[in-house]
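So, here come the structures, one by one.
Shared between the two complexes below is chain A, which pairs with chain B and chain C, respectively.
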Partner chain A sequence: MARIDLWWLPRALVLGLLAFIIFGPLSNLVLWTIAEKWYFPHMLPLEYGLSFWQRVFSPRGNAMESLLTSIVIAALTVIASLALAIPAGYALSRLTLPFRGLILLAFLIPQAFPNLPVYVNIARFFYQIGLNGTIAGVVMVHVTHGLVYAVWIATAAFSAVDVDLEEAARSIGAGPFHAFRDVTLPLAAPGLMASAIFVFLESLDEFTGTYFVGAPDVTTLPLLLYTAGSGGNYQIASITALLLLVPSIGFMLIVERFLRADVLSKVGH
Partner chain B sequence: MTMQTFLEVEKISVGYGTTTVLADLDLGIGKGEFVALLGSSGCGKTTLLRTIAGFARPSAGSIQVDGRDVTQMAPDRRGMALVFQSYALWPHMTVAQNIGYGLKLQKRSRGDIEAKVAEMQDLLGLSGLGNRKPGQLSGGQRQRVALGRALAIDPEILLLDEPLSNLDARIRLTVRHEIRSLQQRLGITAIHVTHDREEAMVMADRIVIMNAGRIEQQGSPEAVYNKPASPFVAAFMGAENLLSMQARVTGEQIELHEGAFNSSTVTARSGRKLLSGPVELRFRAEAARLVSNNDTAAREPGALELRGQVASVSYPGGHWRHAVRLGTDEILVDSITPFAQGETVKVRIPAQSLFIFNTPEAPAPAH
Partner chain C sequence: MQKRLLAILLVLPALIMIVLFFIVPLFASVVGAFEVGGTMGLGNFTKSFELYSSDMIFTLVIVTVSTVLIGLFSVSIGGYLTLGENPRAMAALRWLYRWPMFIPFIVVGQVMRTFLAKNGLMNNILVSLGLLTPLQTVGFLDWRGIVIAFVWKQTPFVTLLVAGAMASLDRSTIEAARNLGASRLRILIEIVLPQIAATLMVGLILSFVTMMSVLSVPLMINAQSPTMLTADIAFRINAHGDYGVANALGLISLLLTAGAALIYLRQSVKERS
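Let's look at the complex of A and B:
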């Protein structure tokens, strides 16, 4: 006699709930991007259309310009962070430094304190030295923020490269520079790539610091999103949010491919 | 040894932090010589090799190669090549790139490099594998690539850090002979670190036995095997059977006093440095002969005869191994024919197989 397995019922319920929690807000967002007219108490938009997309991508809309600013800032942040994180991560993984754990922890400090007072003070200081409202100023704020990922992941990536491999190069005639360039760096590259992506995404999403240090002269996508959202223009805000999602999802897939488990296991050690 | 010293390690001391690994160690190696550093783990043999290679800094002493002082030189300028226990092949490079890397660093022409890499591949039986990555090779093949990478740069000294310990027992036996014949053919000076006695015996011209950061004894394989200079060397070279006795040394003779299991025996001193008093005797299981109790054949002059009971018998292959009980002691003795358990037997140990040492002042720890 075939028995009907009733276990699928709670399972389906839980899965459905989970899917709703994840995809509910997202589908709402997508709906908003194509809604021409939508107000309470209607469950669905009253009119659909792409006129807001046209507005966002029109020469007069700021979206493309902000996107470009965001990408330039993110790219500069990545370059600056890696320039600091590669030597720092290498030193932290290879040398027996006193207070190594403390040094690693120090990079967390910018994240440890409430953002607002920190950025207000930075803004005040940058204003005095003329860095407020400049791309350089925003990049510096983003670097302090992203450095914790960059240094921690870079340290893990270099730790995952066996010292034997470096010594093997040294023993057959490679100087320290060649051994690093030809052996250590290529082997740590996937981890460094992942740290670059983290820093890039962090910078792309960063709002508070950019708001205090950059606005109104430097407008990134999150700032545009904030302006549109607070002005009640949900269509523009949703389209901007969707634009922000694209690099995030793309890079997440890449990170997942690049970051090997043995690197991940060494993060923070 | 009449060979001129090529590598000279003089009064070297190495330590990590507060622990001293090597203290005041001297070692000279001739050109073209194959030397095995033999010892159990933690004896300092790997540290000595890494110090010679330049990866460990000595706190005192000097290292000279062919008259040049290399003590403070970086590892890459010493003209040596180290083969690692882990092989340490670069996973992002192909076999050919791994082997050719040292030549690339020397800025050789592309044709030169290709020719040398091909030669190495031929020499090591790696032909056709040039485009593989190390991850696609077997353990034995990886080991050969590591060797080829080291040999490609024509090093003055080849350093081998337990290169066979990660191989299957069967492959290990063939690779031993391959490395040895390669070293002889190329005439390279080689230092081989190992904890495997047999490996050291079959490969090396000279064996250096290390213990607790010091050299216990060095010499040809047959010398350290047949004439161990200390109880440690005797035990390490397989003379695991241990008996305590009283001895009196008179001129060129040693008299072992009568004990519960043996009659008084006089044997030749044969140059042993020995004082009268308590001694420890060591001998190998295969060096002793087992005969039945009613065997009345006269024993050879100088041989020691013990009487005991067979406690257990096993067959490890080729011969029967007997554990013979002498009071509270137990010794292992091999025999072609098995004896029954519980049987009373005589154990005869020829004079030249008996290693006799003065018992150290402090009682030796239980074995």
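Let's look at the complex of A and C:
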């Protein structure tokens, strides 16, 4: 007869507690999106319905517009970041650069200093040159912030590709650009894809910079969520939050397919 | 020589972006902190300390407590994922821990605001389970709410780094220690932890800095005084248009972070040498 493993008792207890800590708040959010009526001390909403969803997505609601703005900004941010990060990452991983370590650290600067004072001053500067409240201004702020992911992951992705393969291509007559395009780039593609998704999500979720540089003319989903939440409209805020949550969780579930351990271990080196 | 020039040219556009849109405004904020009505002086700082010195301590305590908790949880989870003996429990934990990782701070703020409130779902559940009476419930929407939100959101990120570093360790020393009868806790602390300390440090410092600059969570969970410096900066700008004090507060939070960044720089220099 199989002996019952008594260790499952503490294991189940800890895992159950962890599950509650992680999924409790999340299920709370989902409940709020479909709660028509919910007040203390009822554990669950008294009435369920989708009327708030209708309101959010109605032609007069501004969620669709914010969603579109958010996606346009995130897509432009990805294109600009990759255009900057692919050459930089290649140079940092393959070519000899003076002060390579310092250059890598330079990209960390936007993450290594509190951003708020910087955004405040960018907003002031953008205001003078007419970039405040424009999509272009917001994209520039998002690119600067996302570059560390783009450059570091691109550098790690290129480092994880075997140099010999590129040299083999060169030795049978491929030019440096061809060798890069046909050998190194495809092999690094999963890592680059990961960095693109990172940058996309960073931009989609960014609040502080958009709050100073974009508002009130550019309303992204996070700004809509903030406005609805501070107006006490928890249903609208929760629906917006859920819209932001879906891509984040989707990425979390697939991140390891793109970011393998061999790339991950080279990040920041 | 030509190759070196090419390398510099490839990196340059990205570097210019950082200089133009981060380092220059950062510099402007440092200069702006000393500008009082057209002349240079320390007026903004005296005003900052007068009005917000309790918020400075509040910020530092919250971020430090959160960082310590994040370190503790990430090492525990990473340690179990590396040294655990039950594949099914490990798989469950691996599946569980990472859910909050990419959830944006603004969503975390909204989620926690409704979950931790005095009449939020957490207290409602405890009341219906009979663990609390409605009169005993307390809201967590103060410093505790901010710490919970930070730890909830940042632990998976640090754990991902830590567990990745632990997984790529050489297993032979671990197996040797286990064969000699060392307990798993002792292996974790004495053998695994020293080898992944650099990675843990990087993760914690990045989290520290991130938490120092999050605006949405303090605004949504605890906007009344005492609050975090980020909320004060936003308030100075939006309510008073007072860039001087806002920049001074920015510089102060920068100095608080500089301590953490210094540790990181020393770590990475040591690693590269």
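One rule holds for everything that comes next: the second predicted complex is superposed on the first by the 260 of 269 C-alpha atoms of A that agree within 3 Å, B and C clash if a C-alpha of one lies under 4 Å from a C-alpha of the other, contacts with A are read in each partner's own complex, and residues count from 1 in each chain.
Just so we're on the same page, contacts are C-beta pairs under 8 Å (C-beta built on N, C-alpha and C of every residue); 3 or more make two chains touch, one makes a residue touch a chain.
As the structure is a prediction and not an experimental result, all values here were calculated from the model.
Per the definitions stated earlier, placing chain B and chain C onto a shared chain A by superposition produces no clash, and the two fit side by side. By the touch criterion defined above, A:L17 reaches neither chain B nor chain C.
In the superposition on chain A, contact of A:G175 is made with chain B only, not with chain C.
Of the two partner chains placed around the shared chain by superposition, chain B is the only one that A:D162 touches, whereas chain C remains out of contact.
After overlaying the two complexes on the shared chain, residue contacts for A:V183 are found with chain B alone; chain C is out of touch. Contact comparison for chain A: of chain B and chain C, C touches the greater number of residues. Once the two complexes are laid on top of each other via chain A, the angle at chain A between chain B and chain C, using C-alpha centres, comes to 90°, given in steps of 10. Of the two partner chains, chain C is the only one that A:I122 touches; chain B does not reach it.
Taking all C-alpha atoms of chain B against all those of chain C in the superposed arrangement, the shortest distance found is 11 Å. Per the touch definition, chain A reaches chain C in the complex via residues 5, 7-8, 11, 15, 18-19, 21-29, 31-32, 39-44, 84-85, 87-88, 90-92, 95-98, 101, 103, 105-107, 109-122, 124-125, 140-141, 143-144, 147, 151, 201, 204-205, 207-208, 211-212, 222, 225-226, 229-230, 234, 237-238, 241, 244-245, 248-249, 251-252, 255, 261, 264-265, 268. The part of chain C that touches chain A in the complex is made up of residues 3-4, 6-8, 10-11, 13-15, 17-18, 21-23, 25-26, 28-29, 32, 86, 89, 92-93, 96-107, 109-115, 118-122, 124-125, 127-128, 134, 152, 164-165, 167-168, 202, 205-206, 209-210, 212-216, 219-220, 230, 233-234, 237, 243, 246-247, 249-251, 253-254, 257, 261, 264-265, 268-269, 272. Against chain B, the residues of chain A that register as touching in their complex are 162, 164-165, 167-176, 178-179, 182-183, 186-187. Contacts from chain B toward chain A in the complex involve residues 53-55, 74-77, 80-82, 84, 86, 88-92, 101-102, 105-106, 146, 149-150, 152-153, 155, 159.
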